[in-house]
């Protein structure tokens, strides 16, 4: 039986197990390692302080720890320097920051390209930007498996394309996107490239420089860190093209009543008191993750994913959405409403997600109104999947 | 000797004390009660989940706790209903949300009134809005003590005033503002009223309905809660006038590629995964605060503040900024640079803040380039102030 | 809850559900109850009649007779239909005043269905109730 | 740190500060060292010469001679002037390459002034160093 050697690092799993709960919704948010809990407790127990402002001892400690996470993230992503890392509330805020920050570069008739599988967070900010500027939102189609159709993309990305925004890993299909081939198409046209790494970063270490994107966003809470923290990586030259967006606090260089000058990135884009404990906690999580055997972890995730996909394939009437490469699988069952299925899985203590997964337009293209998604993390065991399949069978027996 | 019966509820204070540190910077951010630390640990230990999305058990628990805080805040502020409470990252984000959300109501030549003592967070969003819309930012002056000059305000608030944004309690002067008389001036002109309660809420329970404002903002981290969480209260009718600002996640009702419909407040203004643990933690802090003897607490804070102000007044060459009503005192010392003074206070383990306190234009009006601020919380003791004054005397001896 | 005023369907629900042992029996009961919903015509499954705030589609139609409100509801999801039927059993025939004050959480708890009353939008029974109250208040 | 290349002023700083006992003596020393800064003319305290990123005002002027960089700096805050003097003692006369690699944190630690090297903008020694490096790289 496939068992996770890291499971005990996550105290919630034992508690949930004792309550008969199995967690297969890590793509929504991940459980947290003890390292995070200890870091938060440690920070709040030893003296909180605001960052970047005061010079007293607790402020220095907080600022050092806070900036320490920025440095860790820069090396985690292989950014050129820590100043290329901006803290936001989450991936969603990072994408909104980009869409507002780039507004001045979008003229009437310009094009913004996204893909057909984007999460609402990487669709709506661009859609609304296009509406504000009378620009066109161009949607790159997918192939059958759920990968971006590169041939179509080659046709659709053109001289009016100003921005290309695409996910690294689909939160619905579990498909890894061919960004190494897609991004150059946009760059060749002088467009800025934005990668939504909210799911991707969780399942593969990403080198933003070899990926060659201008911007990369992620959410801490999916990467085993606390909620309320997101990361925007921006290539130095690309960041310099963003207009300031939120105002206040320490992002200002010089403030007069009628006039102000703002700091450059990163601080110029971090208005107000940031989520200090959260950022420090994310740093502790990166330390924890960095200490794990990456190869063992990848192999474990791969085996789990195979079990999941194979188990679904074995069962009658189950339709997998796309051909998931890793992390998760979404499916529908012929003649069964996903809400009914997830209702009965919930009754049996199995946590999966049902619905449109914040990707309504993709659902439309796939011709389904909703789907069940089971998603994995390295703390899951083979036993979790056994419980899931057993619950699935009983539920379907009842419903069909 | 004045001693705080609540001090031991804040574990960091004992740790700091053991290190010879005295914390007098609570206006920047407050230390956290054990109740918060336990709530965070409890949440992350028993199973994290995303809110509003799934129906499985952990998601239900998280959503219930998250929404529970919304309900607690509504009653804490005496809002008409929980749907009038929006969670943001902090006061700064709440004020930016308002400035962007009201953009469509501001035309060229319109006026936005703020006061001369606003924190950058309640100045810059309005300044930038005025610039975007070719409107005028009108700055209401102060009297000598540091209260808004109501006579001048009566002259300056007029038929073109669309918004009045004012602080309840100044983070520099410690003066409580005469909002009960100021806000009606703006309302009489049909303007929307915004109260920055970031400091005010910490030292007085506020009833937003008797205050009669349209919007009220606060930051959790100053109210003994975690950073990364802010609150925007909006009267139902006032919220309905805001345009949606950030897009993504669960704020959407219906999404198509080229078109979307958004939810009303509060969810429509909470794009992306919110700071779940932080919000739950804030709920625990409200429970803790609500259980304290409010009269004893106010009396303690009042006595501490008297000690602080009297002690400063006794010393030669110290100039107090304004006449602080509560919470804090800012001062300069003749012939001594504030940075030097705070440097030597830091050396002696005393945490105060020096600089412009995110209110550069106010500093300009007061004719100082910076000041030292000592700020209090109910966990401070008379002994903290003794250490402070002793350190102050030694520092001044060295510097003069 | 004011026992004597409970409609017969509500009493029936109590009898049925409080006797249910385990999730499977509860689920079967819900599906049976779902079958009892008065069907909606296709034309009634309109955008207008859709209840916002449910993850699954739910339609609701209200009519008033002698100050008493009568509701019909439908959904594509079978268990949700069962929950709707159980809700209707409790509220159908109430006047606007009673509708405003009915304690649905208590009702579902009593039937052992408390856990189904999601605070999120996942099933949306709360949204359905709000909609009923709004319709009755017009 | 390459000991033999330490300028005389740096050796002097080491002697002075490593012998200091307690914060008061350190503060007095810093103030004395601050007095040794070459004064700036009023015209040199210009916006152009101001170092961004310091909470207190700091001005910095750089000149190059035989590939070696010479700096003058000033501030209104006396202890900060002392810190600037101590920094200059270490970096004055270095070439651009040495400037880029100088380990200022190590230098201040060695003098027992490590805590003064704030990661925030509160005193801004880091900002001053960055500015020096930028000026020398032009």
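Which chain is which? They are A, B, C and D, in the order written, and residues in each are numbered from 1.
Please note the rule applied: contacts are C-beta pairs under 8 Å (C-beta built on N, C-alpha and C of every residue); 3 or more make two chains touch, one makes a residue touch a chain.
Since we're looking at a predicted model, the values are computed, not measured.
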item	value
Chain whose Cα centroid lies at the greatest distance from that of subunit B	C
Which of A-C and A-D has more C-beta pairs touching across its chains	A-C
Interchain centroid distance [CA atoms averaged], subunit B/subunit D, Å	37
Chain centre separation in whole Å, for subunit D relative to subunit A (CA means)	43
Where subunit C and subunit D are represented by their mean Cα positions, the distance between them in whole Å	74
In subunit A, residues with contacts to at least two other chains	53-55, 57, 59, 343, 354-355
Subunit D: positions in contact with at least two other chains	55, 122-123
Subunit C - residues contacting subunit A, complex	23-24, 26-28, 31, 55-57, 76-80, 116, 122-123
Partner subunit D, residues of subunit A touching it in the complex	51-55, 57, 59-60, 63-64, 67, 253
Subunit C residues within the subunit B interface of the complex	52, 55, 115, 118-123
List of subunit B residues in touch with subunit D within their complex	337, 339-340, 343-344, 347-348, 354-355, 369-370, 394, 398-399
Residue ranges of subunit A in contact with subunit B within the complex	11-12, 15-16, 19, 21, 23, 25, 28-32, 36-37, 40-41, 44-50, 53-59, 89-93, 95-96, 99, 116, 119-125, 127-128, 137, 139, 219, 221, 226-230, 245-250, 252, 254-260, 271-278, 342-343, 345-346, 349-355, 358, 360-361, 364
